[in-house]
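There are two complexes below, and they share subunit A, which is joined by subunit B in the first and by subunit C in the second.
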Partner chain A sequence: MSRLRLYQLAIIAGFILLLEGLCLAGVIDKVTMPPPHIIVRDFARMILAGRYFGEIGKSLANVLLAFAVAYVLGVAVGTILHSYRTAREILDPLFATYYAIPVFAFYPLFIVMFGLGDGPQLLIGILLAIVAVIVTVLNGLDRVPPVLKKTARVNGLNPLQTALRVTLPFCAPYLLTAAKLALAYAFIGVIGSEFILARSGMGYEISYAYTNFDNATMYPLILLILLLSITANSLLSHWERVLLTRRGQK
Partner chain B sequence: MSATQVTLRGVTKVFPASAGGEPVHALGPIDIEIKKGEFFAVVGPSGCGKSTLLELIAGLIAPTFGEIEFEGRAIRETVPDGVGVVFQEDACFPWLDVWENIEFGLRQKKIGTEEKRRRAAAVIDMMGLRDFARSYPAQLSGGMRQRVCIARTIVAEPRLILLDEPFGALDQQTRLLMGDEMLRLWRETGATVFLITHALDEAAMLADRIVVMSARPGRAIDLVETGWPRERDSRIVEREKFGAMTSRLWKTLSEESLKTMGRVGSGA
Partner chain C sequence: MEKVGRAPLLNTAVLIAGLFLFWELAYRVVGEIALRSPWETMQFLGGLMQTDVFWFHLADTLKAFTVALAIAVVLGLFVGFALGLHRLSGDAMEPMLVALYSIPKITLYPIILLAFGIGISAKIAFGAIHGIIPVAMFTLSAIRTIRPILIKTGRVLKLNPTVMVREILFPAAVPEIFTGIRVGFSLTLIGTVLGEMFAAQRGLGYLLMNAISLYNVDLIMSVTFLLVLLAASVNTLLLAIDRRLHHG
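Moving on, here comes the complex of A and B:
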């Protein structure tokens, strides 16, 4: 393990130890937050007892669905948009200001439009994720050397084949970055929506536990979301590193 | 050497004006005939439209006026079957290993998997890439990567190979070795080779015929026949005739280069 990695782990471990110390010393009172070792114990109990598995499954399925839709649509839109310069010049400034829009503000409107089911949650997840994917794909496609596109033409590839066999494979590291962003946004969108107005899901359970001072449920669920999100992100980052190493860029 | 393979008649290229600028008359009118199986070179001062000429013949861009024929058929903005191009820039696909890069040249060919494998293996041997078949381009030197690109071109068995300063980015000794390699491939494949270069000695050593282009807009101002035997290698640079040839090329070209520089100087 490299020195840098050791320092990084030391920072995380130090932070957890600090929390543990503050909790045990009573600086953070028990009603606000139990010490980390209690959270881990409650987390183990929750998992072993299989509690909330239905809720967890439902939320994760929605996160994955929002991610998949945003990712596939985003890559397709980004790829098509890249070949229409005028359309892109019109849309670029809109993309740049897109994240100034608080998508959550429209949640009540979406509920009026689509009801209190999963629809509005998925929509928010997709809306949050898709533009990050489009922008990242455009950014990657900008970096394809012209000589590779000429090579595709010399080899008789049509525009679709060129995208699938030359330009998108060249952008693979960008596609992975886009996947990381899309997944993070899908998590925020879906879980966040469940917090605000929903009748089921992890976000709903966290919010319910919060209003009932049920720390033995709330913190393990938060820990679970953290672990899932970080694991997915690390796997994608690892894949990205493998690709970059192969290309001699790291 | 007999039949004409490529004909350019009155070919002119004018690039449309970009925002606020004037249209650029890059090339022509130019007339060239390339014979089947010959090694043809084009030399010219930088910015004379050499690469534009190559892209026109490759069918990557269309001429503004005039026409280009390959084997009797007009070329217009599609790359004809039977034409291969090697560019100056590194055109290896970094996500594919050497073998996959070379097989890419066969992707659009309607031949069986077994036949593809056989042809790729043959070209890999021919280019001395056997030990690197499973390496990625990032692990190879610039010269080796250019070999991979040449292999990817010849695996498709083109009847016309266009080379756009393919050794421009390589060091001098690698250039000489690649020159010999090119001559060998030219003889073994029987293809026509059309080479764009700014290096006079490279043109004089490799080509049967050399066209010298003027400063922009590029026109053909001289045509030199080298008269080298088909069996030849870089040792011909030691011959007396080689010296005479390069000095003739240099005389024509230096006048043109001075014109360009003069124009830059007084152009304001």
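Moving on, here comes the complex of A and C:
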């Protein structure tokens, strides 16, 4: 346990204690937020009773589906685009501006086009995630040393073999970064869409609980989402560091 | 030199033409039921711009956005400088900022609504939350990567902390900080509109959600188009300044 970890734990503990104190002192009133220990109690009850497991499972399945589609398509598009210089230069301004665009603004349009089902949510998740994957893969491929590509050519590998056996493996750390970003964006896209307008899912349950002043449901669900996304992010970041250290790049 | 300057412009023109072509084709395939053509959308937008209701909503969004951005920049700079100057705090907080950056912040919106009530202050708070983190992260890394010789020079000259920040740290960190503000700008706008889409009685996001319940495809398409146009053009402008600052 390094000094740094202790310091981080102290910050988090201090923050929770502060919230607890403010809630108990009545600075934050009960209607706004129950004290953290009540939230944790409700959270434990929710998990033990298996409540909302269906909703949680559905949301997570959609997040994973959006992630998988965006990742596979993104890696493929990135790899292909890397060998077409002109196409890449034309798309460059799009990539540079993409994340400035409120992708969620397209959600109403998708609902009109595909109906209020899982389709629009998945589409928002995929759209949010895919460009991060493409850009990261392009970035990684730019760093493949020419000697590797020459070796592939000397050995008579076709473009597909070169990508699968030489260039993409070289980019492994970038592929991992891409996965981390894609997962975060898929999560934001799917949960966010459910939240704005949907008929089921975790995001929908939170917004439903909000409209019904049901803090005993809302806060545990919010806590669950935060825990899930932070855990996934930390795990992938850790793996990323391990990979970079092994390659001596950090 | 001229060729280098012209090529990106040409690329952008080709890209925009391509996007409009894609839009037109999608319209031809899907049809009137769910889409409008680019031309129809712009015509409707032109008409919309002559109504008072539109300007009322636009003004509300812009007002919330401006205040949110100001808060995000000021707080983000403050946090970034504080963490950048104190090694241990910076090391401890940086991964936490990254984790906060990746969570679906929309789930926090009900908490903000409960704290502020439905209205402009909730939108401002939500927009600001989106913007603070990138500004802080970029400022933090900017301060960290300042050439040590600059800081040493400041120390040798016995500058007091205020002068040090004003005369050395800030000018040296400006390009990176600007990148942070550019990203913060986009995210604050996204946050503000997202907040309006979930719960609001005014603003472009509200207009958009209201259009779903009215099944008004014209309105949905023109407001979406306007938002994309606004975000993309401001970002392109900021990106150009950004690149000049980094290479100028």
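Keep this in mind: the second predicted complex is superposed on the first by the 249 of 250 C-alpha atoms of A that agree within 3 Å, B and C clash if a C-alpha of one lies under 4 Å from a C-alpha of the other, contacts with A are read in each partner's own complex, and residues count from 1 in each chain.
By definition in this document, a residue touches a chain if its C-beta (ideal position, glycine included) is under 8 Å from a C-beta of that chain, and two chains touch if they have at least 3 such contacts.
Note that the structure is a prediction, hence the values are computed from the model and not measured.
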Fit-or-clash call for subunit B and subunit C when the two complexes are aligned on subunit A: fit
Contacts of A:Gly248 with subunit B and subunit C, given as first, second, both or neither: first
Residue contacts with subunit A in the superposition, subunit B compared against subunit C: C
Included angle at subunit A between vectors to subunit C and subunit B, based on C-alpha centres and rounded to the nearest 10 degrees: 100
First, second, both or neither for A:Asn212, with subunit B first and subunit C second: neither
Which superposed partner A:Gln8 touches (first subunit B, second subunit C, both, neither): second
Which superposed partner A:Ala105 touches (first subunit B, second subunit C, both, neither): second
Which superposed partner A:Ser83 touches (first subunit B, second subunit C, both, neither): neither
Subunit C versus subunit B - closest C-alpha approach in the superposed model, Å: 8
On subunit A, positions contacted by subunit B and by subunit C: none
Contacting residues of subunit C [partner subunit A, same complex]: 7-8, 11-12, 14-15, 18-19, 30, 34-35, 88-89, 91-93, 95-96, 98-99, 102-111, 113-115, 183, 185-186, 189-190, 193-194, 197-198, 205, 208-209, 211-212, 215, 217, 220-221, 223-224, 227-228, 231-232, 234-236, 239
For the subunit B and subunit A complex, residues of the former touching the latter: 58, 60, 79, 81, 83-85, 87, 89-91, 93-95, 104-105, 107-108, 136, 138-139, 156
Partner subunit B, residues of subunit A touching it in the complex: 145, 147-148, 150-151, 153-157, 165-166, 169-170, 172, 243, 246-249
Contacting residues of subunit A [partner subunit C, same complex]: 3-4, 7-8, 11-12, 28, 31-33, 89-94, 96-97, 99-102, 104-109, 111-113, 184, 187-188, 191-192, 195-197, 203, 206-207, 209-210, 218, 221-222, 225-226, 229-230, 233-234, 237
